[in-house]
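Here is the structure we will look at, set down as C-alpha cells.
We just call them A, B, C and D in the order they show up, numbering each chain from 1.
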Amino acid sequence: MSDTPSHHTLRERLYEIIFEAETAAGKAFDLVLLLAIVLSIGAVLLDSVPEINARYASLLNTVEWTFTLLFTLEYALRLYSVRNPIAYAVSFYGVVDFLAILPTYLSLILTGGQSLIVIRALRLLRAFRILKLVQFVSEAAHLRRALMASSRKILVFLGAVLTLVLIIGAMMYLIEGGTHGFDSIPQAVYWAIVTLTTVGYGDVVPHTSVGKLLASLVMVLGYGIIAVPTGIVTVELANASRISVNTRACPSCGRGGHDLDGNFCKYCGGEL
Amino acid sequence: MSDTPSHHTLRERLYEIIFEAETAAGKAFDLVLLLAIVLSIGAVLLDSVPEINARYASLLNTVEWTFTLLFTLEYALRLYSVRNPIAYAVSFYGVVDFLAILPTYLSLILTGGQSLIVIRALRLLRAFRILKLVQFVSEAAHLRRALMASSRKILVFLGAVLTLVLIIGAMMYLIEGGTHGFDSIPQAVYWAIVTLTTVGYGDVVPHTSVGKLLASLVMVLGYGIIAVPTGIVTVELANASRISVNTRACPSCGRGGHDLDGNFCKYCGGEL
Amino acid sequence: MSDTPSHHTLRERLYEIIFEAETAAGKAFDLVLLLAIVLSIGAVLLDSVPEINARYASLLNTVEWTFTLLFTLEYALRLYSVRNPIAYAVSFYGVVDFLAILPTYLSLILTGGQSLIVIRALRLLRAFRILKLVQFVSEAAHLRRALMASSRKILVFLGAVLTLVLIIGAMMYLIEGGTHGFDSIPQAVYWAIVTLTTVGYGDVVPHTSVGKLLASLVMVLGYGIIAVPTGIVTVELANASRISVNTRACPSCGRGGHDLDGNFCKYCGGEL
Amino acid sequence: MSDTPSHHTLRERLYEIIFEAETAAGKAFDLVLLLAIVLSIGAVLLDSVPEINARYASLLNTVEWTFTLLFTLEYALRLYSVRNPIAYAVSFYGVVDFLAILPTYLSLILTGGQSLIVIRALRLLRAFRILKLVQFVSEAAHLRRALMASSRKILVFLGAVLTLVLIIGAMMYLIEGGTHGFDSIPQAVYWAIVTLTTVGYGDVVPHTSVGKLLASLVMVLGYGIIAVPTGIVTVELANASRISVNTRACPSCGRGGHDLDGNFCKYCGGEL
C-alpha cells in the first residue's frame, strides 16, 4: 500500500513480487511464471513422443535444463523471501515446486539402462507443475464452494453407483459365463462402469441375448441416473448464486444475505 | 439413554450393540461389520479372477470360510437378540444376511463337476452383502425422496424412450436389410438403445447412407432428450431442498418460506 | 353419470366402453387392449429373429392372425360406435388403428418372391401399434407442455449444432485427407455428430495428430454444450412446476396462478 | 416507415431489400437467400462424395457456378447499396460473403495437378456460407446472453478439465508403459479426453489391470463432473429467464418481480 520502497528490505520486496499480485512487478512475475509453466509442460509432452524425442533430443534437453534452473531459482527465492521457510517447504505448493525440479537433477545421479524407467517416471512429476496454475484462479472459489456443499450427497450417489456396478458386474459375469472379455467379476465390473457411464468403448460387449437385454437396462439406467449428480450440483449452484445476488445490508444491524423479496431484516427485524 | 447396564439383560445389550448405533460399542460393531463386508466382497472379486484363483485357491478358501463363519455368528446373534426373530428373518436385511452365508455351506453339499456352475452362481449372491452397507447411509433419504417424487414423470419418460427405440429399431432393421448386426428387430432395438443413450459401443454400426442419416438423427435426439430426466430430477431436488429448509411459519403473519438462519419474519418483521 | 342403461342405445354403450374410461367396463376394455398391443408387438419382434421365425413360423402366423382379427374387430366397433366415423378414420389414432391391421391382409394379396420385401416392410407398420399406448398416459401432459414451451430455444440450439457439425466435418475432411473413413464431407459430418453427441462408436476415428487435436476440442465442446438443452428444459420444468404449486384462487375475481409470496391478486388487486 | 418510394433512390431501396427485413421485398429476399445458402451447401456436400462427383461432375459444376454468380451479384449489390462499403467489406459477414465466392474463381487460375489439393481446400470455405444463416436467428440472443454470463465459470471449469486430463494422461502413459496406443503423453491425454467426455471410441483402451482401474475412476469422474457445466448454464438460464419477465416496477411501492400477466402489484395491490 505504502509506496516507500526504502522502508522495505530486499526480502520484503521479493516476497511482494513473488507471493503477492498487488504490485505491477508482482503481476509481471506471475505472468512470466504462468508462461514458463505452460511452456515446460509442453516440453514434457513433446519429450514423450518417440519421433520428436529421437530428432530433437538435444534441444529438448536444453529446454528441460533451462526450465529446471529457472524453477530452481524461483524455489530458492521463495524459500529465502518467505517468513517461515519450513512451513512453505511442507505446504502443498512447496512440495509441488520441489517435485517440479527434482526429476531433472535425479537424472544425473540415476544413469544406466536399468534406472531409465525410474527417471521417466519421475520426469512425469513435472506435469504436476500445472497445479501451480491453480493459484492464478480466483474464479474457482464459487464453483468449489458449491461442490463442497454437495459433496456428501455426491459421495452417497457414488456409493450407490459402486454398489450397482458390483451387482450388475456379478450378474453379467454369470450370464456371459466368463467369456468374451467377461473373464472375471472385476472385468465384468469394468464393463459395467464403461456402460453405465455411457463411455462405451466397445472392447467388451455382451454376446448373448440375455446379456444384451441386461446391457440395455444398464444403459437406460445410466442414462437416467446421470440426472442425479446434475440435479445436486445445479441446486447447490442456484443456492450459491441466490446468496450472491443479495447485496442489500440491513440498515439496523448491517447484516446481509437477505432474500430479494424481504421487507424486514431476518436477523434483527428492522425494516430494510 | 440410562447408563445402568445391570438393568439390561444380555439380549437387550446385544440388541443395542448389533442393531443400534447410539452407544460406543454399537458404533464399533458397525465399523467392524462395514470393514468385514468390504473385505469379503474383495475376496469374492479376486476369487473370480482365474489367475488369482489358480495361485491362491487355499488362501481364498480360508478367507471365504472365515468371513462365512463371522457372518453366520452375526446372523445367529441377530436372530437371538431381536424381539421378533421371524419378522427379522423375512425382512429385507434378514434375507440378505441369510443369502450372504448360504452359498459357502451349499458348496459342501453340492460337489462334483456338474454342480460347479451352480455353486459359482450362488457364490455371487454374496455380492449382495454390499446392500447391507445401505443401513449405514442416512444421507440417502433426501435423494430417495426427490427420486420418489419424480418417479411417475421418469416412468412416463422411460415409456416414451421405449416406444422410440422400438420404432427406430424397426425402421433401422428395414433400412439396413437384416445385415451388419441388424439381424432382427430386437437386435436393431439393442442398437437403438446403445445409440440413443450415447453409449455407442461400435459393435453394431450402420453401413448404408440412409442408415447413417437416421443414426445421426437418433444421436442428436438422444443428446437432446437426456435433458428431460435431468430437468425432472433437478426440479424435484430444488423443491425438496426448499421444503427441507422451510418449516417454521411466522407467528405474527403466519407466512412461511423463511431461511433457517432468520430470527425475524422477512414479510412483517415479527419475531419467529 | 346416470345409471339407467335402458336409456342408452347399443352404440352409445359401445362408445362409452371403447372410447371412454369412466365406467368399469371401459377400464377393463382399455386394460385388455393395452395387453393385446404389448403382446402383438412382442410377436412382431420375435417374428423378425431368424432362428425363432424358422422354428415357430406356424405358431407366430396363428398369433399374428389372432391379433389382426382382434384389432380388426376393434377398428370396426370404433367406426360403428363413434358419432362421426370419417373424422375418426382420418384422425391420428384412426390411421394408426388402420395401419396396424393392413399389413397382415396385404400379405394375402402380395405373394411371390419379389413382393416378400414389401410385405416385410409393411409388417413393421404394426410396430406403430405402440403409439396407441400414448392415450393411456395422462402424466405426459406436464412434460409435453414444458417441452413445447422450450421448443423454439431447442430448435435454435439444434440449428447451432447442425452448423457446428457441418464446419467441423468440412475441416476434418480436409485434415484427414479423405481417408480412414473421412471419405467425403457427409461422412466427416457423420463422424462429427457421433463425436459431438459423445456417442463415440469408434468406427471412424482420426489418425493424424492434427485430427486428434481437433477431435479433442470437439469432444470437450460436446461435453460443454450438452449443458444447454438440459438448462433450457430444467428452467421450463421449474416454471411449469412453480405454476402448479399455486392453488389459491383470488376471492375477488376467482383467478388463480398467483405467486406464493403475493399478498394481493395480480389481476384485480383484491387482497388474497 | 413512409410509403413514398419516389423519395428513395435506387441505392436506398436496395439497402432496404438486402439489409433489412421490414418490407415484403426484404422478407422475400431473405427467404430466397436462405434457400440458396442451404442448396449451395448441399452441393458442396455432394461434390465431396467420390461416387457422386464421378457421375454428376458437369451438373455439379453448373450448380457451383450458378450459385457463385448469384452470390457474386449479391456481394456486388451489398457493396453498392451500403453507405460505407469498406466497413461492410471488413465486417464479419462481409468477409464470409467474400470467402463464399472466392474458391470457385480461384479454381480458374489454379489449374494443374499440383494445385488440385489447394482448390479443394478453398472450396470448403464455402461451407462457411452457413454462418450467414445466423443473421436470420433472433431467438439465439437469449441463449447467447446466458452463455456469456456463465463464460468465465465455464472457462475455469475447462481449465480444471485440461489440468485433469494432463495429469491422468501422464499417469496412464506410465501405467500402460508406452504401448497399446499409449505411445506418448499427448496420445495418453487424447485417450483421457475421449474417456472423460464419455465419448469412448474404443480405438485406445487400457490393457493392464491398474490401467483399467484408473480408467474406471476417470469414467466415474467424467460422469460426475458433467454436472458442473450443466449446473452453471441452468442457473444462468434461470436468472436470464427471471430477468426477462421482470421489467415493470410497481408505481405505488416501487417493487419489481411481477409476472408479465399481472395488472396489480402483488405486494401492495396498487395498479401497475
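Definition applied: a residue touches a chain if its C-beta (ideal position, glycine included) is under 8 Å from a C-beta of that chain, and two chains touch if they have at least 3 such contacts.
Not measured: the values here are computed from a predicted model.
Asks: Which pair, A-C or A-B, has more C-beta contacts?
Replies: A-B
Asks: Which is it for copies subunit A and subunit D: same residues on both faces, with over half shared, or different residues?
Replies: different
Asks: Let me have the rounded angstrom distance from the C-alpha centre of subunit A over to the C-alpha centre of subunit C, please.
Replies: Roughly 42 Å separates the two chain centres.
Asks: Distance-wise, how many Å sit between the C-alpha centres of subunit A and subunit B, to the nearest whole number?
Replies: The separation of the two C-alpha centroids amounts to 29 Å.
Asks: Check each residue of subunit D and list the ones that touch at least two other chains.
Replies: As it turns out, subunit D has residues touching two or more other chains at 186-187, 189, 198-202, 226, 230, 232, 234, 238.
Asks: Which residues of subunit C touch subunit D in the complex?
Replies: 152-153, 155-157, 159-160, 163, 166-167, 170-171, 173-174, 178, 183-187, 189, 195, 198-202, 205, 209, 212, 215-216, 219-220, 222-224, 226-228, 230-232, 234-235, 238-239, 257-259, 261-271
Asks: Can you check the complex and tell me which residues of subunit A touch subunit C?
Replies: 198-202, 230, 234, 261
Asks: Residues of subunit D touching subunit C in their complex?
Replies: Subunit D reaches subunit C through residues 41, 44-46, 48-50, 120-121, 124, 127-128, 130-131, 133-134, 137, 139-140, 142-143, 146-147, 154, 158, 161, 186-187, 189-190, 193-194, 196-203, 226, 229-230, 232-234, 236-238, 241, 258-259, 261-271.
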